[in-house]
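These are the structures, in structure tokens.
Next come two complexes built around chain A: one with chain B, the other with chain C.
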Partner chain A sequence: MAALLLRSTTGGIRCLTKGPAFISTTTTTTISSRLGFSRLTKLRRSYSTTISQDLLNKKVQVYQSTSNDPYLNLSIEHHLLQHSHPDSYVLFLYINDPCVVIGRNQNPWLEVNLPALQETEDIKLVRRRSGGGTVFHDHGNVNWSVICPPAVFDRDRHAEMVVRALKDLGVTTAKVNERHDIVIAGDGRGNGKDVFKVSGSAYKLTRLRSLHHGTCLLNSPQLKNIGKFLRSPGEPYIKARGVESVRSPIRNVDVDTQEFNKRVVDEFLAMYEEQFGEDVTVERVGEDLKDMSNIRKGMDELTSIPWIYGQTPQFTFSSRPTEDDPRERPPLDLDVQSDFNIEFTLRHGEIQTANVSGLKYEGPATDKDFYDGMISKALAKGSDDESAVKLYEIKDWAAVLKSATAGQGLKVSDSSLNSLSEWLNKVFPGSHFR
Partner chain B sequence: MASIARCLRIARPSAVSAFAQSSVRIARPFSVTANNEVRKYTREHEWIELSDDKKTGYVGISSYAAKALGDVVFVELPEEGKEVQAGDALGAVESVKSAADINAPISCKVVASNMTLEESPSTINKVPEDHSASGGWVAKVQLSEKGVADFEKLMDEEAYKEFTAAEDH
Partner chain C sequence: MKNMFLRQSSRAVGRQELWRLSRRGLSRLAPTATATTTPSTTSSATRPLAPNSRSSALAQQPSTRRQFHATRELQVVKPVLLADIGEGIVECEVIQWFVEPGARVEEFSPLCEVQSDKASVEITSRFAGVVKKLYYDAGEMAKVGKPFVDIDIEGDPENKEAEALTPPEPVSTPEGQQAIKGEAISTSTPQAIAPELKQAFIEAPWAQETPAPSHSPVTKQTGKHASLATPAVRHLAKDLNVDITEITGTGKDGRVLKEDVYKFVQVKASASIPSPSGATPTTPGVSAAAAAASAFSSPAATASGPQTETTVPLTRTQEMMFKSMTRSLTIPHFLYADEVDFTSLVELRARLNKVLSKSGLPEGEVKKLSYLPFVIKAVSMALYKYPVLNARVDLDSNSNGKPSLIMRSQHNIGVAMDTPSGLLVPVVKNVGSLNILSIAAELARLQSLAVTGKLSPQDMSGGTITVSNIGSIGGTYLSPVIVEKEVAILGIGRMRTVPAFSTVPGEEDKILRRQICNFSWSADHRVIDGATMARAADVVRSIVEEPDVMVMHLR
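Up next, the complex of A and B:
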């Protein structure tokens, strides 16, 4: 399988069709335990327009989202993490609209093919609050998320729960690997030996609670394109602090999303229901939760540009090998001098230091170094300066370079400036999409 | 720091290798901290050591926590001037796909962050309880009156040792 996926994940579900609020249905769920017995439990699955304190205090809570908004679903998840009872066990399942989700301490310019996302306008960019690497979500992924007390947390416990759910569905080769990912051999049902990742893991640990989430690839129609979305044009030039993704071959498990949800809920209840008797709730939640102030606040943060881009750990960008990043660089097709170089150091997505040299100028070429230096100085204003150049605010590099060279005695040649702008627009495109 | 110390206690053997030592008592690098009386610990595995005048202190994560976390790949440091109450998130560390909060042991104001951790996050694994220039401390803080009172409520080294020993069983 050519497609590649990165190392972390998030969890979620579609499961129930979106319907009018206040519809309450009662369904019967079969719970099968891995010990081989099964029993029937009657559970009321109601649609909740809010998450009451009463629900948050239940010992065992299951929520399934009817919304596909990644920012809303991650904010519901965060609300559950912050406000569920410290001793409770919570399962949250959701399915997101197409989006690329980077880990808390990652670099979008390094991890994501931003121009490809811009071309496919309906793919959103999301930075989650948990650690780990970059993943792709769409309607063929179910995100599963478990919140539990730190005392019982370990990194494999709930990945194993999902593995049992997959095995119930006939995916007999599913297992958790040493990276806490869920992998299958071949098609998962005895055909083929190659190992594929089908679900990752990421964690968020707070004082009172531990969250583990993952995204399970069931039947994504975009499987072949995922590698493309996660391959950045800036990668050869960027060296970043923080967390880099690890690529793994991936494939669809080829399981129905609703069937998967049902089995995961069953396995979760099998783990905790017995322990807590009647104190169990199974709810559907959705768009109405946008009216809850804490969830609204969470969404505002997740959709803010300073969070998505500004949270990026320090990184360097350099068109030539440096002591710190000696990799050979791919050849550039720019109209510049042979000694051309461009280097930035960036913090919070703002240019801290800049070094531009080897541009072509119009007219007789004296003091070029001086003018190159002026441009470098204009680009690097540092973090104390309100007018620091923020990568994520740049819509067109030509405008930035023109303003950096304005008023100079020697003019950068149009062709030099345009070729450089075109390249930089690809590596650092504006943030006019989310 | 959440109770990450327990993260891998019951993990499968294959996942445990890097953390197998987590429950083993290790010699703590106390060489730089002559006076252990001014160092205290939280149940969430942070330490704080006060200066002689009790006006400032250094904060970090315990050796026990650093072992349990596994390889730290990034430390989110607090901004200078940040004011926090005891238990508020002061910063965060990422290791093995986990973002874990570092909580303020006491009410305080951040006067400096350990920039060494930006460049070399693994320092926090090597010398987590060292507050020298090359150590793994996280922040230097200024105490409020409330902070001094908060400090009194924390565990001393002996009590923390017992606490972590109990967590392992």
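Up next, the complex of A and C:
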């Protein structure tokens, strides 16, 4: 039973059928190529419960995920990167449940508003394997991923492809900027001043393959909140190595996700199908892939706390300007001495060195420096020690501070302890991961 | 902790190596190509130059590393530059290392992952070798175009050339040195070896030459790199109108020395045609014994040549034996050996054979009995009493993971046979139901099939215990290896005549001739204890020593 889907050659049709775009039997579609001629291509669109080596060896492969699990989708992407044939071209499209995705080498305490994430129950925190900055995904955002041989890799090539798809859908002002992001013009004026980012890109380059993936904000219901999630309360105090996100104003493209998917697939096929003719496969994949051991392993890695939090490069946290980080700090409203200062250096999410001073103690405040030193030492056990303070394990800083001072014969004043813990709990909340 | 994420990617890279790779494609310097595309020019520029780069033979090679000493491996620590990863990026952060100093890397194994703005790049090694030094820690910024890791490169193809020069060196050097010493005394003659040696037998030992073939490797090597010579020597050669490439060098690494040139000239000038040894130097101090030895040894006297290795793949039979014995390694063996008095059996056999030869059996029937059928039958009879020896061990029975014994009703006794194609163990099936004659007939059938290599899988399978009669070839005691899926094996040694004291009461001082044979049992000590083995072995022994006992058990 074949149904014929005809599509017009130029954009302009914005309201199209929603619902599943793909039928699981043989479908014939007309694909409009940019050169202006239409080709009738028979594509086998089917649902796969596993990705066989057979599929991975095809020259042109298109996969669409039916799952919204970000960890699964990223693992599928990684599996495709590692196992697809070195000469093949792979397109993978997926939509994730609401989540904040940080880059391979980023710092979640710096990039993400972790307390906000903890409050909203169902937003996940993900660290992806490619570089780049922090983004927010939800059901209005489509992720597209292209894997190709390094010889043809170009940072703009596939971004241009997505721009073509957008133009097909009527987004006439879409273009690729110099940071290889996709931007659209603002409210109709198009004078270049008010550009809004709709898609960011990141890359992963291995010896045999190059992966370029990006987001595309089509119709996110959470657009207004995205900024909130990506502004961390610890940001003024944390200086990190690693890549920092570059902020851009964002906007929805305002296009249906299924339509977008269709267009991107068409553009991708138009780019490569001519070369490879029959050696093409279009598949839908989903939850069943969790049974594949590689993908399972990938997911286990991505969901592990050491990966999400522990893969953070070294960073410093200080409440006062330091040599390394001379920025002005916003004033702290804590019940502490005037010379209060707290400084940590952290590696892999563990406190390596700590320097605390200026807490208020109860009882005879004879040797405050000594007490401060004790707390500092207690906090900075170092990563060799099993009891090193791991940021992502801290449920409540009050408990940590109390145990740091326990048995030392000193007692931090309650109000001092509480106000400090409250602040630290905002900056370094415990593991958010569910 | 940072090492926790060592590699899915490295395994994947290894797998990808199996696919066809186009190195040409990788070496193209696209601006955004992967980080491994280091142009070769930048790397070779940092290679250290060897001292002697004048030799024309090696001059064609870009590397001029040469060895002039006997170290096996080339110790070149190469600083590897961080390749351009495109986009005008001058530095990038090292996210994690996949190797540490001391780690062995192959070509294409992943070294580290770096990140620059949006791209995370996996950097793989261009060389095989050992990582010596990491220039950056994880988290530091690595500069593009500067070294980021030091690798001690091993097994370079150029290196093999240099290595190829070394084997003859142990041969040539002592001789070379001695040649220098013996120069004054040497009476180098152009004749072939044999007359030389004969002469040497009578004349001064140091006039001898060593056998020629030891020099032929030298000849070949130095012929290739014959221009290994100092300028003075070359000058001399030119003066004397001699082509230096024709001279076999006897110096280090096959260098041509002055004396080689002189000798060569003498050789050329003389009437008789030299064998390749003609230009070789003499070796003082080679004794007459060596001469005698070389007289015994074949002309291709590899006795004094360098160690050569030739790969010979295993034959089918050897392969099977390899696999089977490797599996048998898991069985803990214990050896139980005993002496068995064959005297009575010898007499019985003699009598029976007389009967057989007289009885005029039709063709194809057994005319003569050996001892083996008797022993096999005795073993079978013992197995009725101790059936555990006929069992096999099952490690994972009934899915409860515990090992168990599988008892077997039939006695299928394997008999080890030495055939032209190697060791084969065909099986005599159901010995319990066979008599001596039929056992002998079956043995004969299996033997003829084995010799012609026509044993069927049927014949080879299903064994429950094995008997190995190595005594037919030789040997007294042996420690046989239990066959897989069995728990015991019997090895029979050679029968020999020994004097023994009589056991007849009243005649204990009398010395008799006895035929003694040694039975060596090996058993699986996981399921067979020493006592069981001893008792079973005793049963066998008693039957063999008193074969008339079999009459009692006739059915």
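A few points about this structure:
As a working rule, the second predicted complex is superposed on the first by the 401 of 434 C-alpha atoms of A that agree within 3 Å, B and C clash if a C-alpha of one lies under 4 Å from a C-alpha of the other, contacts with A are read in each partner's own complex, and residues count from 1 in each chain.
Operating definition for what follows: contacts are C-beta pairs under 8 Å (C-beta built on N, C-alpha and C of every residue); 3 or more make two chains touch, one makes a residue touch a chain.
Just so you know, these numbers come straight off a predicted model, no measurement behind them.
Placing chain B and chain C on a common chain A by superposition gives a clash between them.
When the shared chain is aligned, chain C comes close enough to touch A:Gly298, but chain B does not.
Looking at the shared chain after the overlay, A:Glu362 reaches neither chain B nor chain C. In the superposition on chain A, contact is made by A:Pro306 with chain C only, not with chain B.
Shared-chain residue A:Glu178: touches chain B; no touch with chain C. Contact with both chain B and chain C is seen for A:Arg155 once the two complexes are overlaid on the shared chain. Looking at the shared chain after the overlay, A:Asp122 reaches neither chain B nor chain C.
In the superposition on chain A, the residues of chain A contacting both chain B and chain C are 103-105, 129-133, 150-151, 153-155, 180, 201-208, 210, 241-243, 313-314. Those residues of chain B whose C-beta lies close enough to touch chain A in the complex are 2-4, 6-12, 14-15, 17, 44, 73-74, 76, 87, 89, 92, 94-101, 103, 118-119. Residues 1-2, 4-5, 8-9, 12-13, 15-16, 19, 21, 25-26, 28, 30, 32-36, 85, 87, 93, 95-96, 108, 110, 113, 115-122, 124, 138-141 of chain C are the ones touching chain A in the complex. Considering their complex, residues 78, 82-83, 85-86, 103-105, 129-133, 149-151, 153-155, 180, 201-208, 210, 241-243, 294, 297-298, 301, 306-307, 310-311, 313-314, 347-348, 383 of chain A touch chain C. Taken together, the chain A residues at the contact with chain B in this complex read 7-8, 103-105, 129-133, 150-151, 153-157, 176-178, 180, 200-210, 241-243, 313-314.
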